[in-house]
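Each of the two complexes below includes chain A, the first together with chain B, the second together with chain C.
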Partner chain A sequence: MPEKTRRRHKNFIEKTIVGLAEVAEQALYAESLAKADGLLQKLDARVKVIGLFSLIVAAALSKKITIILSLFGLAIVLALLSKISPVVLGKRIWLSAFLFTGAIALPAIFITPGEVIYRLPVLHWAITAQGLRSALYLISRVETSATFAALLVFTTLWTQVLKALRTLGVPVVFVVILGMTHRYIFLMLQTAREMFESRQSRVAGTLPAKESRRLAAASVGVLLSKSFYLSNEVYQAMQSRGFRGEVYLLDEFQMQKRDWLALAGFLSLAILAFVLG
Partner chain B sequence: MAVAFGVQNVTFRYNDIIALDDISLTLEAGKRYAVLGANGSGKSTMLRLLDGLYFADSGTVTAFGEALTEERFADDDFAYSFRQRVAFVFQNPDVQLFNPTVFDEIAFAPLQLRWEKQCIRSRVAEMLDLMEIAHLKDRSPHRLSGGEKKRVALASVLVLEPQVLLLDEPTAALDPKSQSQVIDFLIDWAGSAKTIITATHDLDIIEDIADECLIFQRGKLVAEGKPQTILRNETLLRQTNLIHAHRHAHAGGEIHSHPHLHHDHTHDE
Partner chain C sequence: MHIPDGYLSPSTCAALYAAAAPFWYVALQKVKRLLSTRLVPLLSVFAAFSFIIMMFNLPLPGGTTGHATGAAIAAIVLGSWGSILAISVALLIQALFFGDGGITAFGANCFNIAIAASLIAHFVYRLAAGSSPLNSSRRIFAAGLAGYLSINLSALITAIEFGIQPIFFKDATGAPLYAPYSLAVAIPAMMIGHITFAGFAEAIITAGVVAYLQRTEPSLLKMTAPDAVIDSSLPVTQSGWQATRSLWLGLALLMILTPLGLLAAGTAWGEWGAEDFTNPETRQQIEQASSNQAAPENPPAGLERLSTFWTAPIPDYAPSFLKSEPLGYILSAMFGVGLIILASLVISILTRAKRVSDA
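Entry: the complex of A and B
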């Protein structure tokens, strides 16, 4: 008689370890994409920030669905030319953007007054053409904007994005805080993972829900206290190297011919989309 | 010889806990010092006082004849001049490497001291070559190995060409190869008549990195002397928890347990 096996559910600690490992894995994947030999990867970060941001603005201001969908198509073409698979975009961007925006857009389908095109059985709620149109506009705008933003993040090292923001006039303090957050989030992730692995090595069986909650709260407390300690140490390390409350950065960018061409292309498309509506 | 640091009757507390208790010492310029002591003996606190990161609750600390006080550091000219002359390498390189890339890390200090940008670029390039980390310049510090992080941390302070280098446990948590790279570097760097003050409890390295030893225990300075003298004083080392009893084998096959130093250890009787 075959031995009866029962699938064991992952406990809270295991799930946390897996989650933390996935975050680190995703960061590594994003970094490998940013170093791929694609179209957008070859461009200066400032061109991408300005160009993609102008296309996001064009999508947000457009009043015609054809224009928004054309911009969405452009985003997919840019993704393909930059060696980013639509499957990756679908999993990481489109699905979550759809679910998030869909939750916001859903009521509009029913509450926007207008021509009724369908009535839900049992509930008898009316779906109006105008409501459906509003929801479609919202979702398509968000999907298009999110795709352009994802293209920037997937094709540019975070350090380059920060430097580009700085050269485009974003205040130094803001850029430095973003940079340090990105830097230390990985250290804290590693600390958290080691903490949970150490717990896992001392836990047998399934933890009751109450115990899991207690463990989570205690872990948050310990991590918070470690991050306070770390921030104090980092501040001293900065002071020791001459930090006096204001940060100075070195901006290292050189625009090439292809960057100027790409910038002109992005801006022309954005203006065209804006003019066409 | 000129005095780099003077410490007179210094006491420092973390809230109610005394970290340094009535310490007085003089550190001469151009010499190499090892600050020895077990965990919690006050070594790291001493280094932070010398770097003007902490200020004494009582007593005075002077650097190059000037008192290190909060009021003095409020003066930009003094602060910039001091930060250029005195560099501190923290024990945990993750604390020290807070910039997005290795290049930014090394450029950070000269940028804060308002060096010319062209000068910074060339100086950073020199440091990258000197520390053999040019291939890491665009990497994020959190992706580096322990040895690489330590070399970047050293480069990030040596870029200023300081006169004094304060090191907190420079070989802690490093593999043997990385340890010897750091030690070799310190030996070469000290050749240019710099002052090096190293806090450590690694007795195996002190003859290589120090001309003088200062032994701390529970916030007090309990002994001073040449490394060779200190290393022969087994009673002192045992009392200050720098050596401990453990089982070990001799070439003749004898296995026994007692406190000892690992090098030059023989039994006459």
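Entry: the complex of A and C
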């Protein structure tokens, strides 16, 4: 029996392994949600890109907290109709956005000059109406935009987003680079994870800080040279298949009646929010 | 440092998209000409690489960990234009696919992290490395400095973007609509963390990667330094920090002394202006500095005649806008950073000495 169980801090290798695994897990999870049978999943990717982007802009332009909160309500309704549970959004989006932005917005409640509405009992810090409003603006706007962005990510396959970008006028070379980057991110995630796992399996005891730093720099260096060789191999493979620098993509989008309706709905809601302030 | 949606007003976002656009255009043209058909695979793989290293946890002095942006590493290996594109693509995938960094703020994030950091990192690295051999410790120092300055410049620009929000965007009651803090709060709040921790994370990783590449794959460093040679007489560098310690010491002393020099009273001997001869106070200073030799009653005729011939754009090093608080902040920051580097050196030497004595 162990005499004493001591909570051990994760070293940087373990932290990095967890971080890399989380990225891969989130991507897989988003892909599984994108295949669900919900409202947004059925829509044309171009409609979603334009529609959700215009709602994000509407939330950014608004000068009334009620309007921003109404847009947030709309995002929740869209999530429910797309079979994305608020628990999922809460865990993956809202909580982290709230903790991050909340920590940033908190001091604003006290230091923004304006009309004092309350004083903290012991510290005598004054809470101003303007400070409270500015914190509410920031948090509600961040949560609303993050939810709309998450709806796009969770309901659209990356290949569809790319095609939508292409048909919306993004230069084809960028679209191809984005597609290939996405592909190689997953390959490199795996490579990096394997590198760290193999190193971790050889670590006994605590790694000294200096050694950790050397290891981190060496890992980046190894990944860098692997990237270089990989890009050469990819280039040769592309050339052997007849690549001459020209890129062609198949655009197989077909706008249906529900897509036009959804687009009209998104845009009119965004314009309404803008008109109402 | 990725700015989420909601922190910047739409007009600031639009302005920063517009500011980033010409850089993207020029970068694409330059890189296309250089790489032609290699462009697509090379940029894709390097963008993926930049994405992955933003995920790395880096061990920092004091037991904490931090993240690096990798902009300086990309700029040192690919050059500034390639780095601008690779980091921009990585940021777009982070924003669109992982919801990290806003969509409306994408232009701002690219401007701060991809563009400003890549350009300054490339410039500083080239300037500090000069024509030194590829495997010299000076290049490791140059890389660390490029990493440190690039992330701090990004942070400063981000803080300025945040700080101007409450000046321009308020609601009817006077409450700030976006980022709520003024420049006086946003700049120190952002810079303290970057000057101390994040800056060092970027410096350590950038210097460490260059030291590693020098040992194993110097050809990757040759892409941005085609004329540099490999000097086989130089010793193999084992650790980025130790090999460059004397260079860091020099930098620290320079940073501490520069603000002191600028704040020193009086004028340099011989650098008198025509008006100094008529002012009784400066006349006394000239006399004291010249072994009690009194200055002539009138300024030399030639000096008086020629002094109006050319007026320097920045007279006496400090025009009115520089004789203000911001300059004070910058000088204090330089002084502070110098002290921090010096303190880190002393601590590293002391801990090493202790390890040796323990052993």
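Keep this in mind: the second predicted complex is superposed on the first by the 229 of 277 C-alpha atoms of A that agree within 3 Å, B and C clash if a C-alpha of one lies under 4 Å from a C-alpha of the other, contacts with A are read in each partner's own complex, and residues count from 1 in each chain.
The definition used in the following text is that contacts are C-beta pairs under 8 Å (C-beta built on N, C-alpha and C of every residue); 3 or more make two chains touch, one makes a residue touch a chain.
The structure presented is a predicted model; accordingly, all values stated were derived computationally and were not measured.
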{"item": "Partner chain in contact with A:G19 - chain B first, chain C second, else both or neither", "value": "second"}
{"item": "First, second, both or neither for A:T159, with chain B first and chain C second", "value": "first"}
{"item": "Contacts of A:L272 with chain B and chain C, given as first, second, both or neither", "value": "neither"}
{"item": "Which of chain B and chain C A:M238 touches, first, second, both or neither", "value": "both"}
{"item": "Chain B versus chain C as contact partner of A:Y184, first or second or both or neither", "value": "both"}
{"item": "Partner chain(s) touched by A:L168 [first = chain B, second = chain C, both, neither]", "value": "neither"}
{"item": "Chain B versus chain C as contact partner of A:L95, first or second or both or neither", "value": "neither"}
{"item": "Winner by number of chain A residues touched, once chain B and chain C are compared", "value": "C"}
{"item": "Partner chain(s) touched by A:L230 [first = chain B, second = chain C, both, neither]", "value": "both"}
{"item": "Which superposed partner A:K63 touches (first chain B, second chain C, both, neither)", "value": "second"}
{"item": "Contact residues common to both interfaces of chain A (with chain B and with chain C)", "value": "158, 180, 182-184, 187, 230, 234, 238-239, 243-244, 247"}
{"item": "Touching residues on chain A, where the partner in the complex is chain C", "value": "9, 11-12, 15-16, 19-20, 23, 26-27, 30, 53, 56-57, 59-61, 63, 93, 97, 100-101, 105, 107-108, 111-112, 114, 129-131, 133-135, 137-138, 141-142, 144-146, 149-150, 152-153, 158, 161, 171, 173-174, 176-178, 180-185, 187-189, 192, 209-210, 212-214, 216-225, 227-228, 230-232, 234-235, 238-239, 243-245, 247"}
{"item": "List of chain C residues in touch with chain A within their complex", "value": "4-7, 9-10, 13, 28, 32, 36-49, 51-53, 55-59, 61, 63, 65, 70, 73, 77, 85, 89-90, 92-93, 95-99, 102-104, 166, 171-181, 185, 204-205, 207-209, 211-213, 216-217, 220, 239-240"}
{"item": "Footprint of chain B on chain A - complex, ascending", "value": "157-159, 162, 179-180, 182-184, 186-187, 230, 233-234, 236-244, 247-250, 252"}
{"item": "Chain A-touching residues of chain B, taken from the complex the two chains share", "value": "48, 51, 53, 76, 79-80, 83-84, 87-88, 90, 92, 94-101, 103-104, 107-109, 111-114, 117, 120-121, 138, 140-142, 156-157, 160"}
